[in-house]
C-alpha cells in the first residue's frame, strides 16, 4: 500500500484526490490545507486524516505527495518533498520565477525522486493519440503547429493579480504542447497581446488575449492564439502539418446529439472548462504517476518540462512587454 | 447545331432551358406551354420562339425535345416524339398508370430513339460518386440500404389531388435510387404511411409520411423513410452497407460557415429544396443527354428505369392501401 | 451500508461489479457463478466472497442483487429475489418466453420490490439528452423514428443457438428505444430479415440482418435496420423527426483526432462495441439503481419495460417467420 | 451590349472569359495574349476575335477590360485602360512594387473609372456569408482572426523567381481577408518564414511556409499560417472570435460522401486548388463587376484594397527579411 498526502483541498485538489483513491494499492493518508474546513471535508470523503506540512514530511510512511496548493507554495513543497525522498506530483507551474524553478529542478535531480508536473494535456486521449500518430510517422516530420486555446471566461481579477500573467498562467500549457508536439527547441519567441475582454485586466498589468509565434531551431513554426473569454466554452484545439498530411485535435462534446431546427443544424458546445474537458486526462495522469513510481520508469511530464515551459512563458512575457522578438 | 424544343415553361422547364442553352452545339428553338405568357418569357430569355405541339413534331429540323410539362402530358408527348424520331428528355414520371408507361416504353424501343427519364439524382455529384465507389468494390456487395427523403413542406392540396399519391409523386425517385444502388430486383414491397402533417392530405386520399421496406430477390434489404414536411429543409440522404464498410451520402449546405455561440455549434441547414440541392445534377443530366445523342451510347436513366420505378410505386401504393406485403 | 450480491462473473458481470463498488454506501458482499474460478477472481478484486444462490437468498443482510448470469437463469433469480424482498438489477432479457416474463413481472409487482431491467441505452448521455430534449418539446411531438443498430461482428454460432434469435437477442434494445422515444404503443409490426453475413446463421434458424417497421396506435412510424457485422464497428444511431425539427443521436469516437492525408479527411471509428460505447451508460445505470433504492422512487427501466420490449421481439419474430404483418 | 476585351488567355483568363460570356448583355469582343495560339483558341471558343493591346485601347466600343495577363503587365494595362476610360477588372496584384501600385490607384481615381481587383475570396459564398454575419453583429465586434492558407503544392521555381515572394504572391489574399474581416488598420506586422518544403525555394531567396501576426490599431490580433504544400489539398479556412461567439469558414468538399471502413470514417479532401475552390467566387465576382458598371455603384474590391494588401505584403516581407517587427 502506497500512502500519499495531498496539499490543497480546492477544486483541482478534489479531482486529484478522487483519482488517487482509485489507484490500486494507493491510500490517501492525509489532506493538508490552510482552509481547515476544506481539508476536513475532503479527508472525510476519502477516509483520510487532516494533516500538516510538518507532519507529512516527518512521516516516512508517506511515500508520495500530490501538490495542488496555491502556486506560491509549489517550489517549497517540491524541495521539502525531494529532501524527504518522497515521489512528487505537482500542479503547474513549478514557480512563477524561472530561477526558482530551475533550483527546484536541481534539487529534485539531486534527490533522484520521481517528480511529475501536471501538464495533464499530454494524458488526454485525443492529444496523446495524435502525438502517438506523429511519432509513428503518419504525417512525416511536423513542420507547423497552430494552437487554439481559449477559456470560457475571465477568472477574478484578484486571481489574475497573483497569476504571474497570462503567459505563465494560461499559455504555459500551450508552451508545453508546443515542446511536446514539435519536439524541438525554440529559437525565437514573439508575443503580442491585448486587453479586449475587460479593462480591469489591463488594470493589473495583464492582457486577456494573445498571439504568440515560436520559431524553432530547425525552422519549424508555431502559432498560438488565446483569449480569456470564449462565449461558446473551453476551446482546446491544435493542428500540426507535415509533408504527408495534417493531424487535428478537436474539442470534445458532452453528447453526440445533433439538432436540425428551422434555423440551423447544431451540435453541443465543447465541454465547458478544464475540469470537464480533461477529466479523463487527470485520471490517466494520476494512474501514470503511480505506474512510474511502481516501475521506476521516468515520468512523462518531468520537472524539466515544467522549467522549459516556464522559460518560454518568460520569453513571451518579455516579448510582449518590450515589443520585441526574443531570442532563446 | 442541334435544335431543341422544350415543352413546359414552369419551374423545372426554366431549369432545363437554362442548362440546355449552355451545351455546346445546342440551340433552343422553341418553347411550348399552354400558358402563353410563360412560354413567351422563357423563349425571349434564350432567343427562342414560342411554338406549338404540332409545329414541333412537324419540324424535322428539331432533333430533340425536353418534356417538362404536366405529368398527364408526358406519355403522349413521348409517343409523338418517338414517332417523329426525336431524341427525348422527359421529366419523371412517364405516366401515373403503369400500363400506359409500359406502352410508352415499347413505342420508344420500336422507334429506337434515345429517351432519358429525369431521375436527376443519379447525376448528383455526391450520389454518383458514391455509386461509382460501390461499383469499384469499396464496400463489397451492397447488403442494406437506408434512404431518408424528406421535403421541406407540403405542396398545395390541389397539386396532391392530381399527383398520383405520395409513392408515385415523391418516392418514385427513392425507388429509382434503390434500383440503382442495390442493382437487384425487388421480391417484396411493404409500405405503410400516415397523415401526420396535415389532415387535408388524408382528405384527398393520400398520406404525408411513409415507411417502405423492399426485400430483393437476393435477400438484400432496403428501408425508405419519407415525410412531406421537414422543418429544417430538404433532407436527401442515403447509406449503404456491405461486408467491407458503409458509404453515406449526406446533405449539401449552401456554405461551410460554422457558428459557435453561447448555445450551440451550428452549421447551415441543407440546401432548401430540389432546385437548389440538385442544381448541379440537373446541369450534368442535360449534358449527359446531349453527350448520349452525340455518341450514340445509351442514356443512364432510360424509360425502362422509369417504368420499373413506377412498378415499385404501384406496389407500394397497393401495400399501403391493402395493408399487406406485395410480391413483385 | 447496502450489501449486494452479484450473479455472473463474466464480461458484463465484471462491468456491473466495477460500477457497483463505486457507489457510496454500497458493498459487494458476494459473487456467484457456476465457474468457480471466475467467481473467485471477481470476488477477490473487490474484497467480496464467493457465494451460492442459496446463500444469497438466505442472507437477509443482502438487500440487493445484480443478475448478470446467463439468460436462462434470469426469470428464476428474479422470482427468488422478489420472494426474498431484495431489490433487483437484471440484465435484459427477463426471459426468452413472453409468458414466463409476464409471470415474473407479476411476481415482482406482488413483492413490491424495485426491479431494474438493464436497458442501459436509456442511461447513455447522448440518448438521454436527446430524450430530454424531446420531452422538453424541442421538436414537437415525435412523428418518425429511424434506428440504426449494427454490431461489429457475429457472435459464435453456439451463442446464437441459445440466443432466442436476433429479434430477442439484439433488437430487444431497439424495441425499448422505440417505446421510450415515441412514447406510444405498437399497432402493427412488420419484420423481414436475411442471412447475408454467414450461412451458418441460417443453419441455426436465424438471420443476421433485419428490417423492422412499427406503426404505432397514433400512426407514428418507426424503422429499425440491423446487421450483425459492420466492418467499421458498433453503429448505434437513431433519429427522430417532429413538426419542429429533427434530433439525431450519433456514434461516439474514442478520440477527436482528424487526419488529412493525400487520400481523405478521416476521423476515428465509433467505439468498438457495447462495453466501450455504453461504458458511461452502465455506470449511470448502476448509480440510478441505488438512487432508486435509496429514494423509493420507481426505476427508469422497469420489468414492465422488459416485458413490453419482449412482446415486440416476439411479434417481429412471428412477422419474419410467417411473412406477414403482425397486429399487436 | 457591353463589349469587353480580355488580356491573358491562360488558366485564369479562361475562367474569367467563361464567366464573362454568361453575363446578360455582355459580349467578349477580343482576346489579347502574346501566345497567339492560346489567344486564338480562347477567342474561337467564345466567338471573339484575337486582338492587340493597341487595338483594344483604340476601340471606343470596348467599354471594359479584364486583365488576366502576367503580373508585370498589370500596372501598365490598368493605366492605359484608365486613360481610355474603360472599366477595369484586374487580377491581383496591382503590381509587385508598392509605389507603382499607388500611382496606378491615383490614375484610376483621376480617371474615375470602375476598377475591380480580383480578390475573389470576398465573393466566395462561405466567406461572404461569414462576413455578412459579422456585419449583422452575430458575434459582436471581431477580436481575433486566425487564417489558414495552404496550397496543395509548390509552383515551379521559375514562377517563384518572378512572383515577388510568398507574401506578395500568396499571402496577399490573406492580407485582404484580414482587412475585410477585422475592418481595421494594421499597427504592426510580424512575419517569419522557413524553407521546409523544398530547398530550391531558399535558392531563389524565398520561403515556403510563413507565420504572420498583425496587430491592429484597435488592438485586435490576427495570425496567418501558410505553407506551399499541403498533402491533402488546398486548405482555405479562417475563424474569427468576438464577444458573442466564433464564426469559422471551412473548406469545401467535392462531394458529401462519407465512407466508414475497417480503418476510419472518411470524407472527401477539400476542393483541390483555387480554380475548383473558388469556381463560384470567380463567377460571382464577374457578375458583380458588370452589376457595378451597370449601377454605377462602387466595386467591392477596389484598387485601394489592392494597394493596401500590397502594403501589408511589403511590411511582412520586410519583417521576415530584417527579423523585426514592422510598424505601419
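Each chain gets a letter, A, B, C and D, in the order it is written, and its residues are counted from 1.
We adopt the following convention: a residue touches a chain if its C-beta (ideal position, glycine included) is under 8 Å from a C-beta of that chain, and two chains touch if they have at least 3 such contacts.
Because the structure is a prediction, the values reported are computed rather than measured.
Engineer: So which chain is farthest from chain D, going by the mean of the CA atoms in each chain?
Structural biologist: Following the centroid criterion, the farthest chain would be C.
Engineer: Report which interface contains more C-beta contacts, comparing A-D against B-D.
Structural biologist: Most C-beta pairs in contact, of the two: A-D.
Engineer: I'd like to verify one number: the distance from the centre of chain A to the centre of chain B, where each centre is the average of its C-alpha atoms, in whole angstrom.
Structural biologist: The mean C-alpha positions of chain A and chain B differ by 57 Å.
Engineer: On a C-alpha centroid basis, what's the spacing between chain B and chain D, in Å?
Structural biologist: One centre to the other, that is 39 Å.
Engineer: Give the residues of chain A touching no fewer than two other chains, as numbers and ranges.
Structural biologist: 139, 230-232, 235, 244-246, 259-262
Engineer: What residues of chain A sit close enough to touch chain B in their complex?
Structural biologist: Spelled out, the residues of chain A in touch with chain B are 230-233, 235, 259-270.
Engineer: For the complex, which residues does chain C have touching chain B?
Structural biologist: Residue list for chain C touching chain B: 139, 143-144, 146, 148, 150, 188, 190, 192-197, 209-211, 213, 215, 219-223, 225, 227, 229-232, 235, 241, 243-246, 323-325.
Engineer: Spell out the part of chain A that touches chain C in their complex, as residue ranges.
Structural biologist: By the definition above, chain A touches chain C via 125-126, 129-130, 133, 138-139, 244-252, 254-262.
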